[in-house]
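For clarity, chains are labelled A, B, C, D and E in written order, and residue numbers in each chain start from 1.
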Amino acid sequence: MFDSFRALVKRDLLLAMRRRSDVFTVLLFFIIVVSIFPLGISFEKAILQKIAPGVVWVAALLASTLALERIFANDYADGTLEQILLTAQPLSILVFAKIFAHWLLTGLPLVLIAPLAGLQYHLSATTIGTMMVMLLIGTPILSMIGAIGAALTLGLRGGGILISLLVLPLYIPVLVYGSGAIEASMQGDVSLQPYYLLLLAFLLLALVFAPWATAASLRISVE
Amino acid sequence: MFDSFRALVKRDLLLAMRRRSDVFTVLLFFIIVVSIFPLGISFEKAILQKIAPGVVWVAALLASTLALERIFANDYADGTLEQILLTAQPLSILVFAKIFAHWLLTGLPLVLIAPLAGLQYHLSATTIGTMMVMLLIGTPILSMIGAIGAALTLGLRGGGILISLLVLPLYIPVLVYGSGAIEASMQGDVSLQPYYLLLLAFLLLALVFAPWATAASLRISVE
Amino acid sequence: MSLVVNQLQCSRGDIALFEGLSFKLIPGQLMWLEGRNGSGKTTLLRTLCGLFLYDKGRIEWQGESTVSNMDTYRQNLLYLGHQNALKHDLNPVENLQTLSRLAGKSVSEEQTDEALQLFGLAGYEETPVRKLSQGQQRRVALSRLLLSDALLWILDEPFVALDVVAVELLQSILVKHVEQGGMVILTTHQALPIAEDKMLRLCLDRYV
Amino acid sequence: MSLVVNQLQCSRGDIALFEGLSFKLIPGQLMWLEGRNGSGKTTLLRTLCGLFLYDKGRIEWQGESTVSNMDTYRQNLLYLGHQNALKHDLNPVENLQTLSRLAGKSVSEEQTDEALQLFGLAGYEETPVRKLSQGQQRRVALSRLLLSDALLWILDEPFVALDVVAVELLQSILVKHVEQGGMVILTTHQALPIAEDKMLRLCLDRYV
Amino acid sequence: MAINWFKYSSPSSFYPLAGKIIPVFMTLAILLIMGGLYWGFFETPDVLSDQKQYYKIIYVHVASAWMAMWLYVVMVAWAVLGLIFNTRMSYMMASATAVTGAIMTALSLWTGAFWGQTSWGTWWDWDPRMTTQLILLFLYIGYIALQSAIEETRRSDRASAVLALVGLAIVPVIYYSINCPDPNECASLHQESSLKRVEPNILIAMLVVTAGFWMYCFAVILMRVRNIILQRESHTNWVERLEAFR
C-alpha cells in the first residue's frame, strides 16, 4: 500500500522533472496575475497595500484551480486512470498520493514565491511572514478541494473553466480568513491565532474527507 | 470560400448549443472572479469604486485566456483541425471564422453581463456604459491575440496556463486603456475619445495580422 | 492526373525514416503501403498530404510540384487519418455535412442518410457520435468516402475497428473507386484481396 | 479459480445491449468474444472488470461475487483496453515499472528490458513513448503481459495496429499463458488461429 | 573579398569559428568592465546629490537595463532571419540570445531593486521604466517557456519565432501604454532622459561598462550557441569526431 503510494508520488515528480516548465508556468502565472493588477488599478502605495491580501489570495486561488485541471486529466486521457482504479490498493490512498505530489509541485512553489509579490505591494517583513504561513496552511486545502472538482469534471469539455466554477465558491472560507489574517497583521494589534486555528481545522477536515470524496468522484466519472 | 466560413461558424455555434453550459461557464467564471474580490479586500464603497475598473478588466482577461484554451484544442484532439488545414480554402479565413465564433460565444456575453459587475461595485450608469463600450472594442482584441497563443501551444501539456503566460503580457495595452477609460469616465471631466481611438486602432491592427499569424502558427503546430 | 513522388526523404527527430523513395500513381491504381511498425507509413501519408514537411525530394500532382499548386491538389485529396475527425457532440449527419462543406461541397441530408445506411448506421443518424462504439465511429468517418468527389484517397489503416461485414464493404468501395478511375493510397496490416494488376505495393522496410 | 457469469444484463442509455448472458471460464481456457460493431463487446469487458455497472445478474470469481471480494479479484486481473495507459512523457521502461508497481509488484530493469526486447523494441528503452508509432506504443502496452502474474487477462482488440510479426508473437504469448493455466478473454475482428478445444467462443449478436 | 556568409550558417563551420572568437570577446569584456568600474568607483564623487556611494550600482544597473532592451531586438532579428531563410543557426542564435537577455533583464531589476532599497527605502515602485522592464522579463520568459514546452526542435524553433515576431509588433504598444496611461496628457511622447544631467565622469564610466557588457553578452551567447549546437547535432559525424578529440 505504502509502496504504491510512493510509486505514484515518484512517478508524478518524475513526470514533472521531465517537463520542468510545467512547474514554472504555475509560478509565473501567479506572478503575472499579481503584477498586472496595479496596471489596471493604481500605483499608489496606500491602495496597493489595501488590495494586496485580496489580490495575492485570488491569484493563488486561480493558479491552483488552473493547475488542478491537469491533476487527473492526463491520466484519464491515456487510460492510466483506469489502471489505477483497477489496482487492489485502496483508491483513496492513491488519490492522496496524487494530491500530495500535485501540492508539492504547485502549492509549495507559490508559498516560496509569495515574498516577491509582497515586495511589489510594499508589504512589511512581518506581513510577508504571515502571508507565507497562511499560504502554507491554505494551499493544501485548495489542492484537496480542487481535486474533488477535478475528479467530477473529468473528461468534460471546458474542464479548466468548469472546475474553477465548481471550486472557487468552495474556496471562499480560505480566501476570507487567509486575506483577513494578512490584513490583521498589517494593523499589528490583533491576535492572529484564531485565523491560524480556523484554517488548520479546515485543513484537517479536508485531509480527512477530500481523498475519499475524490476517489468516489473518480469512480463515477470513469464509468 | 464564404461558404466554408459560414459552415465553420455555424458548426461552432451548433456545438455550443449542444453544450450550452460552455457559454455559461465563461460568464460565470467572470462573475465569480469579480465577486470574490470584495471578500478578499473590502466592502467599502470608495475602495470598491477605485478597484472596479481594474478588477473587471483583469477578470475579462483571465476569462478570455482560459476560454481560449479550447478554441483549437478540441479540433486538434479529434483530428478535425487536420481536415481544416487540408481544405483548399485560405486558412486565415477559416481561422477568422473560428475566432469570430469564439468571440460571439465568450466575448460578447462578457460585454452583456458587465453591468451586473458594475452594480456590484457601485458604478454609475454612465460609467457602466463606458465599460460596456470598452469591453465591446477590447474583447475582440483579446480573442485575436489569444488565438495566436492558443495556436502556438496546441497540444502541449499545461496548455491553458501556458497560454496565459504568453498572452497576458500582450494584453496589457487593452488593460491599461480599458480600465483607464472607465476611471476617466468616473471623473467626468476628461475626454474619452483618445481612449476609444487608441483601442480601435489596436483592434484594426489585430484584425489585419492576427488571423494570418494564427494560421501560420497552426501549420507549424500540427506538423 | 497523376501523383509522382521523386527521391523523397523524411526524418523524425534526427533520424531519416526513408530516403530515395520514388513512385508514380496513375488513375485506376491503388497503392498498398506496407512496412513493419514504426517504418514510417503514417509519416509518409502525412507528408503526401502536406501536413508534414519532407527534407528532400519532390512531390508532383499533374506534373506540378504540390508546393506550388497546393490548392488544386487539396481539392482532389481526401485524407482519413488514424483519428476520425468527428465532433463527439454532433450527430453523424451534422458531422458529415460540416466536413463536406469545409471541403467546398455541400451535400443534402438524403445523401448523408444514404451513405450512413450503406455503412449499417441506419437508426443512428440522430445519435451523438459520442454514444457510438469504436467501430460505429469509424464507419461514420468512412461514410465521407461516399460523399466526396476527391480523386485521390489517402487512408491510414482504414480497416481498424471494423467488423467483418464492414471490412468487406469498404473493400468493395475501394475497388469501385479505383475502377472508376480514382486513386487510393492506404496502409493496413490485414490482407487486401484486390487484384494484383490494379495494385501497387510499396514496402517501406526496403528504404531505410 | 474460475470466472462464472450468470444471467448478466447491461444497458447503455435505455437500451439493453445484452441480457441473460451466462458463461463459465476455467483456467486453461481462452474466450473469444465476437460480435458486430456496436454489439457491446467493449461494454461487456469493462463490466467484467468492474469499470461499468451491470443491471442484473452476477459475476463470480472463485465462487464469490466480485462485488464482495473485489480486492482478490483485482489482484488476479489484468485489463488492457482500447487505450494503452502509457504516459507519453515517460519512456517504456519507466512506464512499465510504474504500472507494475501500481499493480503491487515491482519489476527490475532487466525484466522490462527483456520484455521490450521480445516485442522488438530493443533500442527504444529510453525514447519517450510520445515519439513511438501507433504500433510501437501498442507493443509497449502489451509488454505488460510478460511482466504480470495475473491469472485473468482481459484484452480489448489487442491486435489493432500491430504488424504481422507482432500479431504472431502475441498469439504465441496468449497460447503459452493459456497452456500454463491462465485465462484470457479477448475481442478481435481478425481471425484467431487457436485450437478449438482451448477456445470458448461467445458471440454477442445472439444475446440482443 | 566577399565573405561567404552562408558558409557560416551551417553549425559545423560555425562551431569552430565561435570557439575562436569567444576568447577575444571575453578579454575585451573583462578589460572594458574592469576599466569602466575602476573609473566609476575611484574617479567620481562619493556622494551624488543626496545619495551615498550606493549610487555606484548605476554602472551595472544601466548597462544591464540597456542590454536587456537591445538583446530583445537582436533576438527577434535572429528569429525572423530563421523564418525567412530557414537556417538552423539563426534559430539557435535566437534562443541563446533569449536566455542572455532574460538574465540581463533580471540583473537590471535586481540591481535596481537593491538601489531602490538604499535610496528610496523601498524595493519596488511602479515607475513606468521599471514596469516596462518587468514586462520585458515576462516576454522573455514567455518565449523561453514556449520553447522549452515543445520537444521537437523544428516546431519549437518556428513557433517561438512567430511568438517573437508577434511580441515585436506589440511591444511598442505596450511601452506606449505604460508610459502614458492617460492619452489626454500625452500630446508629446517625449520622455526626458536624465543622462544629460549626469556628471561627465559618471557618463564615461557608464558607457565603457556598457560596451563591456556588449562584449560579455556576445561571448556568453556564443558559448551558449556552441552548447546548443552540440546538443542538437550530437548524432552527426563531425560532432562525434569532436568528441573523439577530447
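In this section, a residue touches a chain if its C-beta (ideal position, glycine included) is under 8 Å from a C-beta of that chain, and two chains touch if they have at least 3 such contacts.
As the structure is a computational prediction, the values presented were derived from the model and not from experiment.
A.B. asks: Look at the interfaces A-E and B-C and say which one is made up of more C-beta pairs in contact.
C.D. replies: The greater number of contacts lies at B-C.
A.B. asks: With chain centres set to the mean of the C-alpha atoms, which chain is at the far end from chain D?
C.D. replies: E
A.B. asks: Among the chains, which is located farthest from chain A on the basis of C-alpha centroids?
C.D. replies: The most remote chain is C.
A.B. asks: With centres defined as the mean C-alpha position, give me the chain B-chain C separation in Å.
C.D. replies: 37
A.B. asks: Cα centroid separation between chain B and chain D, in whole Å?
C.D. replies: Averaging C-alpha atoms per chain gives centres 46 Å apart.
A.B. asks: Please tell me the distance, in whole Å, between the geometric centres of chain B and chain E computed from their C-alpha atoms.
C.D. replies: 32
A.B. asks: Between chain D and chain E, what distance separates the C-alpha centroids? Give it in angstrom.
C.D. replies: From the centre of chain D to the centre of chain E is 56 Å.
A.B. asks: Which residue numbers or ranges of chain A touch two or more of the other chains?
C.D. replies: 19, 21, 25, 28, 32, 39, 74, 157
A.B. asks: Give me the residues of chain C that touch two or more other chains.
C.D. replies: Answer for chain C, listing residues that touch two or more other chains: 13, 53, 82, 89.
A.B. asks: Among the residues of chain E, which are close enough to touch at least two other chains?
C.D. replies: As it turns out, chain E has residues touching two or more other chains at 138, 141, 145, 149, 154, 178, 181.
A.B. asks: Within their complex, state which residues of chain E touch chain B.
C.D. replies: Touching chain B from chain E are residues 135, 138-139, 141-142, 145-146, 149-150, 154-155, 158-159, 162-163, 165-167, 169-170, 173-174, 176-178, 181-184.
A.B. asks: Where on chain A is chain B touching in the complex?
C.D. replies: 19, 21-22, 25-26, 28-29, 32-33, 36-37, 39-42, 47, 50-51, 53-55, 57-58, 61-63, 66-67, 69-70, 74, 157-158, 160-162, 164-165, 168-169, 171-172, 175-176, 178-179
A.B. asks: Quick one: in the complex, what on chain A touches chain D?
C.D. replies: Touching chain D from chain A are residues 3-4, 7-8, 11, 14-15, 18-19, 74, 78-80, 82-89, 94, 222-223.
A.B. asks: Show which residues of chain E lie in contact with chain A when the two form their complex.
C.D. replies: 113, 122-126, 131, 134, 138, 141, 145, 148-149, 178, 181
A.B. asks: Please name which positions on chain C make contact with chain D in the complex.
C.D. replies: That would be residues 12-13, 35-38, 42, 82, 120, 131-136, 138-139, 157, 160-167, 189-190 of chain C.
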